[in-house]
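So, here come the structures, one by one.
Heads up, the next two complexes both have chain A, just with different partners, chain B and then chain C.
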Partner chain A sequence: MTLEKEQKKNNLQKVYEVIKTMASKPSGFIGLSILLFHVILAITSPLYVPYDYKAIDPSLMLQAPSSEYWFGTDSLGRDVFTRTILGGRTALTVTFFGSLIALLWGGALGIFCGLVGGKIDDVVMRIIDAFLSIPWILAMLLIVSLLGTTTLVLIPALGFFYGKGIVRVARAATHDVIAKDFIVSARARGHSNLSIIWNEILPNVRDAIMVEGAMRWSWMLLGFSSLSFLGFGVSPPTPDWGLMISNARGLMSFAYWAVLAPIFGLSSLIIGINLTADAFAKALGIDRSTKAPV
Partner chain B sequence: MLLLVLKRILLGFITLFIVSLITFSGVEVLPGDACTTYLEREAYGAALEACYERLGLNTPAHERYISWAAGVLQGDFGYSLSGEMRINDVLGPRVKNSMVLASASILIGIPIALLLGIITALWRDKLPDIIISTITIFSMTIPEFISATLLILIVAIWLEWLPGIVIVPTGVSISELLPNIILPVIAISMIMTAHMARMVRSSVIQVMASDYVQMAILKGVPYWKMVFKHVLPNALLPAINVVALTIAWLLGGVVVTEVVFNYPGLGRLVIESISNRDLPVVQALAIILASIYVSINLIADLMTLMLNPRLKSLQIKK
Partner chain C sequence: MDSAVQTINNLTIGFTSQKGKQISILKNISTTIKKGETVGIVGESGSGKSTLALAMMGYVKHGLYTISGECLFHSNNLLEMKNKDLENIRGRKIAMIPQNAGQSLTPNLKIGYQIDEALKLHTDLKKEERDKKISELLNKVRLPSPEIMAQRYPHELSGGQQQRVAVAMALAGNPELLLLDEPTTGLDVTTQAHVLELLNFIAKDTGTSMVYVSHDLGAIAQVSDRVIVMYSGEIVLDGPVRSILKNPIHPYTFGLLKSIPKLTSPGLPDSMSGSQPQPGTIKTGCSFYERCNLAEDNCKNNSPTLEYIDDLNTSVRCFKYKELINVKETNLDTVKSINNDVLQNEILDISKVSISYAKQKFIDQLLNKIDDSNPTVKDINININKGETLALVGESGSGKSTILKSIAGLLKTKDGMIMFDKDKVLSNDLKMRDPGFLRAIQLIFQNPDESLNPNHTVEEIVSQPLRLYFGLKGDELKQKIIEVLEKVRLGEFYLTRYPRQLSGGEKQRVAVARAFAAKPDIILCDEVTSALDVSVQAAVLNLLQELKEDFGTTYIFVSHDLAVVRAISDRVAVLYQGRLCEIGPSKNVYQLPSHPYTEVLLGAVLEPDPDVKPKLVAEDIVEEKPPEKGCSFQGRCPRILGDICKNEVPPWQIGENGNSIRCHIKVEDLKKQQNIN
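What follows is the complex of A and B.
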């Protein structure tokens, strides 16, 4: 009991230390602050939005930014500021749960493959390679166009497609660990496979998998907003940055504000997540810079 | 050596075979088939039967797969759903247009990426590195559709230097296409260059820290001679594979960029065929894009093999 408590305390301390290391560098600090800002904004923004995000008013069409409408209005007379501060909510939720799913199935399958090796491993890796060679956008578009664009489709589909790269990373990390002495001795002590995975392998591959998951989060956000931009993501009138950019694009020669506000929102969130993921990798001592974004 | 090359090529074909199985069964398993999605509300009775008859969908799945795959192996993708057109005729000009776009981006992107990567690595943590690295982080993280939209807004609308949207028919000649592709090429090569420059940077830094470079410094080899003779050849080799993977990964981004610029390439065809639920075309596109991916990787693998004597002997020993 006491041992378990101590373990928990150590874990918390480790988390605290990792965050401290991340924030000690300017890029990590900026990333964490942007991410925190966006998360807080996404949670609290419905409490203080100035206007209704779906109130259409033709008389207020394409108004330039003013003290009343800070970021102007769009082609349907909706307040751009309102829609911009609400625009990250769907993206953050979908991609957060999506990367969680990617992390779980990718990590589990990767560890399994690394552990069993042999024929099963070969076959699974062939299939993963094949999936990797289908451009994500084609596969996602196909799934979404046949199954619909609800979050219940988007989350597992994104989770599946961004998890296959994690399989490779988890497998490679498991391969590195599996030949080590402590695994051999755990086997010699007669531990079950499950116990070896949980107590010996997982703590050693966890960092690599988590860093990979954090990286996937930013790519998935990119993928999700690309889908929205192409008209295959969330459906209107839901405020979403990708969708807002695509709608306002046609009129941007005279209403640039309607396109710049969501661009700023989305870019800052993606940069924030990226910097955070980079700092996270560095704090855990993992060098990702020589890896391709697969 | 030859055996190894043949093995790699065979593996590539196996990957493509699995891709064809995945796309075929994916379309099969997902609810709705080509006819019900195409006919929508009229999908019942005689019309549905006729459509099944026309596309040969009333034969069992494995027979259809075999006849489809046999066609693909002979370079025939069959007929598209909407226009009753041969898919080959639809694809031909699109493939050419996309190739023009992609090769221009790669030809411009790779030299710049090498230069930036080497500069940032040699002046690591100094002013040039800080400036270039910051810019690369921005251009690699911002989605293609945002950088493309911003390019149109700034260069085409505010400065009025270049046309913002490509308005040429699909089958134009390359010389007519050229002035139109400047902005799309900038948009694509920007993100590609950023990714590659980052990899070259860390690869060069790794080699610079190695024993033989230290040895060369101690031996008194002049700095630039050391950089060009000892560092670069060793640093760029491992980068080839990563660069190939990056190019292949960016194929997805090319789709989005083509849509933003209204460019008549494969990417826009992806969107068009999916919006029209033209599943035969989608299948053809999946195979084509996957073969591009597989061949880029294959070329990279073979290049690394040929250029690296150490890896060659290592692999043979295995």
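What follows is the complex of A and C.
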């Protein structure tokens, strides 16, 4: 077997081991189950929804939960159950790709800054600090109102804003590694910077960056739902939890079901991602509890 | 005199493995510490010596627990005491001095305040009395001007001074028992000798019992009355220091003493094969069976007990100790002397090299101008011949690693030139260097934990230079990796291992393999053995010597350990504050007359022999910057002549033995002075 094949096998085995370790603790198992449930639901729900999510029927306005309408109906007479199980699809997709983008640019810039250091590092980090001081939601509102609320705007915009924190984590992790003798050794051998990043640094900072990315995912989900809640996320009539909560919140006192169902959907997904990320960190041997989020 | 301070009975400490198996770290330890006695506990890493020292304070590390036995302080079992009661004993009755004082002192509190805290906690003295006591304590540990010292922060003190402060803090509560966990390990040779002398003085002066934990038999020999040798969690030998170090009757101690390089016997020491078994792997028989030369079937199947021998006053855990009773340890025939035929064939020529760490101004940076009249390293002229081992010796801050880095191209030189293979100039800038030169010079680092990427397998680590320099791929690459690993006595079996799965010695072998994979002409060794255990150190030194004989490689060997340097090098260069003091063939440098600094260094070396005391010639002050003019060693020189040393750079003189000495004192005068004293 050649080196490359063996490595591939090793990597697969490592992924399997990590997932096994994550599932061996109750919290990790619960987190993974919730996340898996949401993902499967998001992929398959259009196949078995009982009603059309945009069918408006004034005669069915604000029906209480019944055997016919499990979670009741909303103020326009649409089935809440249908809209709830469909409501996570956009959020999950947008934030998944959003955090992927955050992970990539944040990780890359962080490692770069950690490696080169000096003036460049100073300048870049001050710019990042400046961006960190801007309330993200105001900036997001500006971007969205200028460029529109399509997914193609939302994904990179969210990815950009949530990647700033990852830059700092990746930079710190790189700093820990950079002083080690194996980097000095690679430099003295004459490896190129790219080869040093790829072979020597990345394997050592990958775990920290991935854990940070997983954490950012859940925060981004909350952020995205907030945008929808404010009316800047998904446009109606597409079902979305944030939008559903926003629409039904005025009627909370007499139609609690219309607001409770999306809240449950959203919070369970966030809890699921959080627990998974924590278990992921523990399985990789990174203790998140001692580090404050940046 | 005979009253026991601490008695340990059948103490077993261990942990429960993930599979639910009980694994012992300490096995059936029984010993007594008497009043006023200094006991040295020796063992290699993983032998359980630190666990034992902590248990003596009634502390068991998280995850470990007491399986059986007791640890009695007078008549109280510390291991069953409540935390509240322990508080009254720790610090007051039993004090501990940690290994790294620099890390155990709070960085943002003044020394005086920290000692005051200890006094407040452990005594009932009033404020004025405490202030007086602080000065008294600092005086006792021989820190100059205690009042000023008390106002300083830990970072303003040198390593040796920090360790003294730690001693003062431990003495604050007037303890009956002092535990010292490798207290001199991180210190320079001269500082170490001074601290040990201080500890000896304190032990005599206060009558405190001391337990001195160390891997360094040289240090143990200087302070202890009694020595306990530990191996794999067991006491294997326990007796008076003289009988243990001069006539060790346990095969492990015997081997250990033989594997220590000594100043008095040139050549490489014998190495012990194998490594200490991991806890939980030994089921029956003697734990040293695998590595023992005297082992027989009985040793494999039955565990020896600790047997007390009356006429030697020693306890030993071995079936065959009788065979060792009459063997004299100082058996010089076994020492392999190295004999290299060094041809006058220059491979590296370092001429007039100066290196500066001074921060450059932006404009100077643009003009590539470095302005520093007093650089860290100055005027280094060394020629290195092919196949030679040159050692750079000096204390920390002597610039030895700096020179190594600039040869590797990792640091820019300020002045001077480094020529490779007679006529090729090595560029100052790593990126400008020819790849062939990069391949020709390889580095091996001090700590293999840091120099091997923890996320790479051994195969990936060794493949790096092979891929980079020779472009090997696939089966050819793998074949070559195995070949290189076999050269360093590691087999194919190690390919898929990660560094964390290897022992310290194995890791350093992998690092050696990576360096040799590049087929280098010169290997720069930066303190390659100082992170290793004694028995492993000898093995790595032997390996390096064999590889050199096979490949004709040139070594530049940096070390602070003069005995190690004596064992491996052909030529020695002694550095102080980045300036050369003396250079010459190693057997000549190690003989007087020599440069006063060499004399100081040689005097401070600790031999594992209680009858050879270090000579403390100079003060152990630490100078932060080399002097602006004159001799670099003027600040500490015990033989300083006067103004001439302060104003003029000393000339080179050829010593009696063919070594070059840079000193104002004439060689004949040096000879007289050094022989008389």
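Keep in mind that, in the parts below, the second predicted complex is superposed on the first by the 288 of 294 C-alpha atoms of A that agree within 3 Å, B and C clash if a C-alpha of one lies under 4 Å from a C-alpha of the other, contacts with A are read in each partner's own complex, and residues count from 1 in each chain.
Assume contacts are C-beta pairs under 8 Å (C-beta built on N, C-alpha and C of every residue); 3 or more make two chains touch, one makes a residue touch a chain.
Just so it is clear, the structure is predicted and the values come from calculations on it, not from any experiment.
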{"item": "Chain B versus chain C as contact partner of A:73, first or second or both or neither", "value": "neither"}
{"item": "Contacts of A:204 with chain B and chain C, given as first, second, both or neither", "value": "second"}
{"item": "Of chain C and chain B, partner touching more chain A residues", "value": "B"}
{"item": "Chain B versus chain C as contact partner of A:186, first or second or both or neither", "value": "second"}
{"item": "Which of chain B and chain C A:266 touches, first, second, both or neither", "value": "first"}
{"item": "Which superposed partner A:84 touches (first chain B, second chain C, both, neither)", "value": "neither"}
{"item": "Set intersection of chain A contacts, chain C complex versus chain B complex", "value": "none"}
{"item": "Residue ranges of chain B touching chain A (in the complex, touch as defined)", "value": "14-16, 18-19, 22-23, 26-27, 30-32, 37, 137-138, 141-146, 149-150, 152-153, 157, 195, 198-199, 201-203, 206, 238, 241-246, 248-249, 251-252, 255-256, 259-260, 270-271, 274-275, 277, 282, 285-286, 289-290, 293-294, 297"}
{"item": "Chain C partner contacts - residues on chain A that touch it in the complex", "value": "2-3, 6, 10, 180-182, 184-191, 199-200, 203-204"}
{"item": "Touching residues on chain C, where the partner in the complex is chain A", "value": "408-410, 430, 433, 435, 438-439, 441-443, 445-447, 450-457, 459-460, 463-465, 468, 474-475, 477-478, 496, 514, 518"}
{"item": "Footprint of chain B on chain A - complex, ascending", "value": "126-127, 129-139, 141-143, 145-147, 218, 222-223, 225-226, 229-230, 232, 242, 245-246, 249, 252-253, 256, 259, 263, 266-267, 270-271, 274-275, 287, 289-294"}
